[in-house]
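Okay, so chain A shows up in both of these, paired with chain B first and chain C after.
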Partner chain A sequence: MQSSPTTPEAVRFRGVTRRFGDVRALDAVDVSISTGETVAVLGPNGAGKTTAIGLILGLTAPTAGSVETLGQSPSSAVSSGRVGAMLQASGLPSYVRVAELLEFTRRLYPEPLALSAILERAGLTPLRDRRIDQISGGEAQRLRFAMAIAGNPDLVILDEPTVAMDVETRRSFWADMRRSASEGRTILFATHYLEEADQVADRVLVLDRGTIVADGSGSAIRGRVHARTIRFDLPGADAEMLAGVAGVTAMDIHGDQVKLTSNDADETVHSIYAAGLAVRNIEVTGAGLEEAFLALTDPDRSQTETNR
Partner chain B sequence: MTRLGQPLPIALQTVAAFVRLELRRVVRNRRYLIFGVAFPTVFYLLYTGVLSGAAARSDAPVDGTTWGAYFMVSMATYGAIVAALGGANLIAQDRASGWTRQLHVTPMRPVAYVLGKLIVSYVVTVPAVGGVLLVALAVNHVDLPPATWLEVLTVLALGALPFAALGLLIGYVFGPDGAQGAVILSFLALGVLGGLWAPISSFPESVATIGRVLPSYDLAELGREAVRGAAVDPAVVLALAAYAAVISALVGWRYRAAERRSDG
Partner chain C sequence: MSRLLELVAGPLRAMRRGVFWWSVGLAGLVAVTVAFWPAFRGSSGITDAIEQLPAGVIQAFGLANFGTPAGFLRGNLYELFVPLLFAAAAIALVNGQTAGEEAGGRLELLFAQPLDRREVVLGRAFAVLLALAVITIATALTQIVMDAVADLAIDTGRLLSTILLCALLGALHGSLAVAIAGLRARPSLVLGLGLGLALAGYIVAALFPLSDVLDPFRHLSPWDWAFGGNPLEMPTEPWRYASLALPAVLLTLVGVEAIRRRDVAAG
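Let's look at the complex of A and B:
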């Protein structure tokens, strides 16, 4: 592995805004990623993950601010062959075999890995002579991953890499990712699975509506989420009746059935009874990952966080 | 654009690797083999051998040569045009599938993509032209000096530049379905009006006037001059070069627009 001689930073965003028409896909983002870090960019669809990746790779330019990749402009970093990337569901050429495509990709880089090593790492050795139009969605994802590492890059960028992979493939994929990371590579991947971010990354950036709402280790982020789901029946329930209930971050009413997401279940339950609401069949459960994530990216919730 | 600042040896290696990959794709594509290589060869045989009425005998005199040699040039030109235009389908596919976007995140520069596609469009004309020539020689015993065979092949393959450029243009303007339609429409119009299916001298004067300004007519003229052993007419070469230049300029314009669109 060659390490960056000029700067320890693999990626640096300074006040980066990217606007598409009236939409601010990224809004004044400042972040820096050091060499050797494994970073997950976590966020719901439309949070700005793909835009951020496009900026790091020079596929798009910032509306304001500046982006540096490996201490240089993104397009020269990509041209130098020190960056490998796997884009979301990017196309693959028709009529070509797996090994042929990887051999071609190798030749684009100054210091590529050996073909056999690439095939082995991506678990593609048995598929080397298979035509690309005859492989499954999960196998195509492995092939895209293989293309990303073919050039033996210092920085690996992966946009939602495990989409379309089955559980087993996903497991071996991340095992290889950890191996790549242990060789000193910087890895940045986008995902909307909190679990993946938590298990694989040293650092998790949570992106929501174009801004970074949390930045820390997976466990630190998880610790910030104490969301619970509270379900009960309440005849004639409406949002107004429940407006005074404490700790609620999300509310879902279907007829008499109510589902609340709360960041303080004790307080919420207490205030339901204190308000004299005739609730029945009350049930408190740990929030699913999705609810936990909503709590984290909810604007009211983040306000509670900062006010604390 | 800083993207051109790549050391030359790697850039050449890149283009070579890309051309190899693309040639594999073209050769495995049945459409190319059927319409570019088999079709002109079979039609040549049909019109000179199997369908040999009195007017269509292979050794019948036409335009200072024999029908066998005359129609050989027509069908070889047609094959060259179909093969050269075929690049359009793969470019439109590459753009629609996002393969070009994936290439953008490798060290390969977009200009290497265009150059590679152009080279491939050129190379694939050789079997299309060669197939017809081979059949003319082997089946119809068209009698030409060895140097003339080589000249016809060279002239028709090299002269296909405007059509290779037109293929790129179609690939950058249309989506995969539209590109296929545009390619078929182009080679039919260029073939019929350019006098590749029936001699242009048999057309009504108004249609013949249109036909004579088409690059397909020019390319076939180059081939026929070679067959007759005449010197290359600079006016014809100039006309083809002008077509190539204008279409290439349009390609540059559409290509830059496509690059800007991919920026987002």
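Let's look at the complex of A and C:
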């Protein structure tokens, strides 16, 4: 990490609005992220996650309001070499080798990691002499991650970092991120994988239609939703009949296995038994982050999925 | 390697195939065309036949004095095809290095690193200039060698001036492409508008002299600034080089400043 003076806030949005034509990608967003926090940004497609990241990196300017990154303008923060970014849609130059690109990148920063350390952390050591147009999608994603950490930055921004990574790579990636966070780095990542947000982040921001609809720890956000999950086995489950059971807001049926989301678990269980359904192995649990996310971003949703 | 050098060397490396094929294409066009010179040399029949054509056609395609070395080269190569190909090469190379790179998300990646946007875009513009220099040298060497092979007697200095004017006209259109890409990074827009303006410039310079009303406006065309002095037969005034080079520098700076100020995102 850089030895430059630290600021209490890694990112600060003050009344930030960003419009694209008639579309408000972000709408009067106020948020502050402290240094050393690991923050996940969740939201459906088009919620404004990538726009927010573009603003933090100075790639996009706000239509109204102001953005500060590490206590300065985003472009100054990026120029100072204190920010590392892994962008979702970024292309890679095809004409160079992995080690050449990383060597070029690390030398842009004032206090970079050693090339061997970058390769090791990203699991790219065996690929160091591979041309970039000959690596797989998952390897390219690891290379983007390597570029993000090459400069040993104070603030690491990751947009959908584990897309295209296999399970093992994803696990080692998050282990590395946890280690980085324990060293005092601020990590901000946007993801569609809710379990990643739940397991890795100290704080979760839920964006929907350009506004922050929830801000807190994963458990705090789950606690805001009264929904419960009811799982049971029911041979020949009738989706239409189950949709009419009291309290049910969503349902997922796979063969004989039924998963109901209910806003009144007691009433739902009572109704199931009162209807004489031959349910087995019934289990009632608190809502997961996924249910909370759905409830927060689309409260009216009543979803039924059947897969027999 | 220093950072600035890498910002030029990287794009050059990326363009190497394109530069090779543009060089081969232009050198091939010159070689094949000049190879036919012995059949045209001193042929009064061809000259007489061309004189039967409407004045507009002779003017538009530079066919006057077709039986002379200068007339043959002008009509076949340097009135339209070579300058237009230089312009097309410059526009295509700039497009690939600016709007194309932005649409592919590669500029976004660079701009999220501690690099000044101006350094990045100027590095790319300079790389395209070097690429044009390679294409120019390939064209000039082929022309000189083929002149000797086909016994086409022409002043080498004036020939080189003409090819340099073609290259500068190309650089001017390349800088126009930088400006368009700086203002609005859409590859199709950069290619379409860039090539459209190149053709419009040619039409203004070639056809406006046929109308007394339009003739004064031919001086608005960079093609007129480049070739209005008949560089294959007359010494080229220094201002003609400057009239192409200075706007090229200005347009490049416009593009660089525009891209520094606007949003950047993958297409």
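Brief remarks on what is shown
We take it that the second predicted complex is superposed on the first by the 228 of 308 C-alpha atoms of A that agree within 3 Å, B and C clash if a C-alpha of one lies under 4 Å from a C-alpha of the other, contacts with A are read in each partner's own complex, and residues count from 1 in each chain.
Throughout what follows, a contact is a pair of C-beta atoms (placed from the backbone, for glycine too) under 8 Å apart; a residue touches a chain by one contact, two chains touch by 3 or more.
All values derive from a computational prediction rather than experimental measurement.
Aligning the two structures on chain A places chain B and chain C in a clash. The partner of chain A that touches more of its residues, comparing chain B with chain C, is B. In the superposition on chain A, A:176 contacts neither chain B nor chain C. Looking at the shared chain after the overlay, A:198 reaches neither chain B nor chain C.
Of the two partner chains placed by superposition, only chain B is touched by A:73; chain C is not.
Once the two complexes are laid over each other on the shared chain, residue contacts for A:90 go to chain B and to chain C alike.
Using the contact criterion defined above for the overlaid structures, shared-chain residue A:57 touches chain B and also reaches chain C.
Of the two partner chains, chain B and chain C are each touched by A:105.
By the touch criterion stated above, A:147 is placed in contact with chain B and with chain C alike.
Look at A:233: by the touch rule set out above, it reaches neither chain B nor chain C.
Superposed model on chain A: among 39-47, 201-209 or 237-245, the stretch of chain C in collision with chain B is 237-245, the rest showing no clash.
The contact surfaces that chain B and chain C form on chain A in the two complexes overlap at residues 54, 57, 59-61, 78-81, 83, 85, 87, 89-96, 104-105, 107-109, 144, 147, 151.
Here chain A touches chain B in the complex through residues 20, 54, 57, 59-61, 73, 75-76, 78-81, 83, 85, 87, 89-96, 100-101, 103-105, 107-110, 144, 147, 151, 157, going by the rule given at the top.
Listing the residues of chain B that touch chain A in their complex gives 2-3, 5-6, 10, 13-14, 16-18, 20-21, 24-25, 28-29, 90, 93-94, 96-102, 104-109, 262-264.
Residues of chain C touching chain A in their complex: 3, 6, 10, 13-14, 101, 104-106, 108-109, 111-116, 263-266. Within the complex formed with chain C, the residues of chain A that make contact are 54, 57-61, 78-81, 83, 85, 87, 89-96, 104-105, 107-109, 144, 147, 151.
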